[in-house]
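Consider the two complexes below, in which chain A is the common component and chain B and chain C are the respective partners.
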Partner chain A sequence: MAITYEPIATQTISGSATSTLTFASIPATFTDLILASSGSNSTLSDIKIRFNADTGSNYSETILLGSGSSAIAARGSNTTGLNHNYTNTSIAAAISHIMNYSNSTTYKSTMTRWNSATSTDPYTAVYVGQWRNTSAITSVTVFVGSGNFVAGSIFTLYGIKAA
Partner chain B sequence: MTVYKFSAAGSLTTGRTLYTSMLAGNTAFIDGSYESISTVTASGSSSSITFSSIPQTYQHLQIRGTAKSPNAGPALVIQYNGDSSVNYKSHYVESNGSTAYAGVGGTNTYGYVGYPVPGSANASMRSATIIDVLDYANTNKNKTTRSLTGYDTNNTVDGYVDIFSNLWMSTSAITSITLSIQGELFVVNSQFALYGIKG
Partner chain C sequence: MANTYRKIDSATVGSGGVASVTFSSIPQTYTDLLIKGCARSLRASDEDGMGFGINGTGATNWLLLSGNGSAASSGTSSSLGYGAAFIGRIPGATATANTFGNFELYLPNYTSSLAKSYFTDAVTENNSSTAYASLLAAYQSSTSVVSSVILLAGNANLAQYSTFTLYGIKNS
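And now, the complex of A and B:
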């Protein structure tokens, strides 16, 4: 039977300062993509994703956060990337689902869950995002808002293939 | 061990390929734990999407999909085994982009699992929904589901992100699942795929 849930690539941050990484030449043979990560940043910052190197204000998201004391709603419109995680030197985990990524008819929808355990900004979060572009996604870029990924941070891209 | 694969046109010394693996260049069979069962894509005239004759050989099920409604307001709902009786309960945590709140969907003839993008939004927009149906083949317990769902319209219409939990008050094994948007038609290119997860 063909593999349905398949790792495409893994990138592990080495000792050198890295603030961005890209999964390029993504096969168009899957239905959904999943980006799973575990890592930290040199400074408190967002970790965001972009598609096909699009740095334009073509992204947006609706947000639900839990801070440990309150539930928070927010929205980001006309942004230059979608949130994947938010942390400092504390290890944080995140999973972003990129739905129906290889179709060329609809905009691309994402669903992200992340958690961070920083002492000052601990959150658990769920985001729904959108990239306003009908192009098939061929690359995913992950980047920090400020600082660098800490060595040992790991990012894995998976493909899920529907029948 | 040396492995040779002979072509039909070759002989014992020609037309043969040498391999160092018993696979002889073939793809290894891998018995996966996460398997695709079925995919349904709406044609524009579909008022529901049904996965029927679901194999009972998995531990859990997952449904992944994107959807749009031609109108505003309907929710994405789920029914099992054609049961349209008042056997479902739902509750949720939700953000509409400005307010976070929790609520109860009540006891209904269906379970709430999400929202399609409303018809007033851009034609290219779709919602995202991931539904986990746990221990679906068990005949000793009621069935629970978790749904992670939402859509965003870049603040042109609205947007929601939700976590839903559902209870189907039946101990029957689930053999079919129907998704619908409360009487509306799924817009073309709304698509849902069913996966089985082995335990």
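And now, the complex of A and C:
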């Protein structure tokens, strides 16, 4: 029986201060990737992702989000990463879909649902993102804009196979 | 062989409807929970709220982004009086016949001793002006593991043929 949805790796933050984690050597045998997380930050901050250690301004996003009082549409061009979540010390859940990651023909697109229902600066949002690079994705780096991940935060990378 | 994405339980509402559906004794052997639902309410209205509770309680607070085809709005609230959080809208009894709303709820790290955060995407569409698409974020401050979940309509019974499936997703 085909294994369609398979865990690739999990990283759980321990007590030491960690602001970056990387899923490296991602096998090219799947069709899509999913990054699922439940975590929090030591301070209110973005949690972002980058591909293949690309720190250049090669990312962009279109955003729809609700703040609890306003519905907001926005975009970011020539950014240095894609948003995965935005939270403080309260637990927040997020999931990023990275489609067709292993091809070497197209730019890479992502769809992210992130959610922070905490009492300070809450949001629920959907982001569509693009990495302007045709290279196959072999690594995913997750990092905070400021502060560190709180112990117990967990990030899992899954592969989805089309055949 | 890994059982990464596996059905834990499912329920289909029978004739006459039911007040709620509960998935209890949830095994603690997965990492995340995923619920897919297709539901309609018996409320004498074109819509009703869909409620979700963990271990018999609603969310500590939640916020919603909703669009109805003519405007988008965002609201926030805390747990509802019937021990559940509002996770989206479903068609009511006066909505277009045979029309059910769909939603997906993702609850990661449900066995942890941390607070719980989950989110839903919910939609209704009935070829009329009253339809909704919504995104919801919810936060439950309880640090208990999730052993049961309840699904219900806000103002009436769930209608016959409403279906709910609980999946476990395992990261190893």
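One rule holds for everything that comes next: the second predicted complex is superposed on the first by the 163 of 163 C-alpha atoms of A that agree within 3 Å, B and C clash if a C-alpha of one lies under 4 Å from a C-alpha of the other, contacts with A are read in each partner's own complex, and residues count from 1 in each chain.
Keep this in mind: a residue touches a chain if its C-beta (ideal position, glycine included) is under 8 Å from a C-beta of that chain, and two chains touch if they have at least 3 such contacts.
The model shown is predicted, which means the values in this text are computed figures rather than measured ones.
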item	value
First (chain B), second (chain C), both or neither touched by A:Thr80	neither
Partner chain in contact with A:Asn100 - chain B first, chain C second, else both or neither	first
First (chain B), second (chain C), both or neither touched by A:Val126	both
Partner chain(s) touched by A:Asn52 [first = chain B, second = chain C, both, neither]	neither
First, second, both or neither for A:Ser60, with chain B first and chain C second	first
Partner chain(s) touched by A:Thr4 [first = chain B, second = chain C, both, neither]	both
Partner chain(s) touched by A:Ile154 [first = chain B, second = chain C, both, neither]	second
First, second, both or neither for A:Thr18, with chain B first and chain C second	neither
Touching partner for A:Met111 - first (chain B), second (chain C), both, neither	first
Overlapping contact positions on chain A, where the chain C interface meets the chain B interface	1, 3-5, 64-65, 71-72, 113, 126
Chain B-facing residues of chain A, complex	1, 3-5, 31-32, 60-65, 71-75, 77-78, 97, 99-100, 103, 105-107, 109-111, 113, 126-130, 132, 134, 160-163
Interfacial residue positions of chain A with respect to chain C in the complex	1, 3-7, 10, 36-38, 64-72, 90-93, 95, 113, 115-119, 122-126, 152, 154, 156, 158
Interface residues, chain C side, partner chain A - complex	1-2, 4-5, 31-32, 59, 61-67, 72-76, 106-109, 112-119, 121, 135-139, 169-172
Parts of chain B lying in touch with chain A, wherever the complex brings them together	29-39, 64-66, 93-102, 122, 124-128, 130, 148-155, 159-163, 189, 191, 193, 195
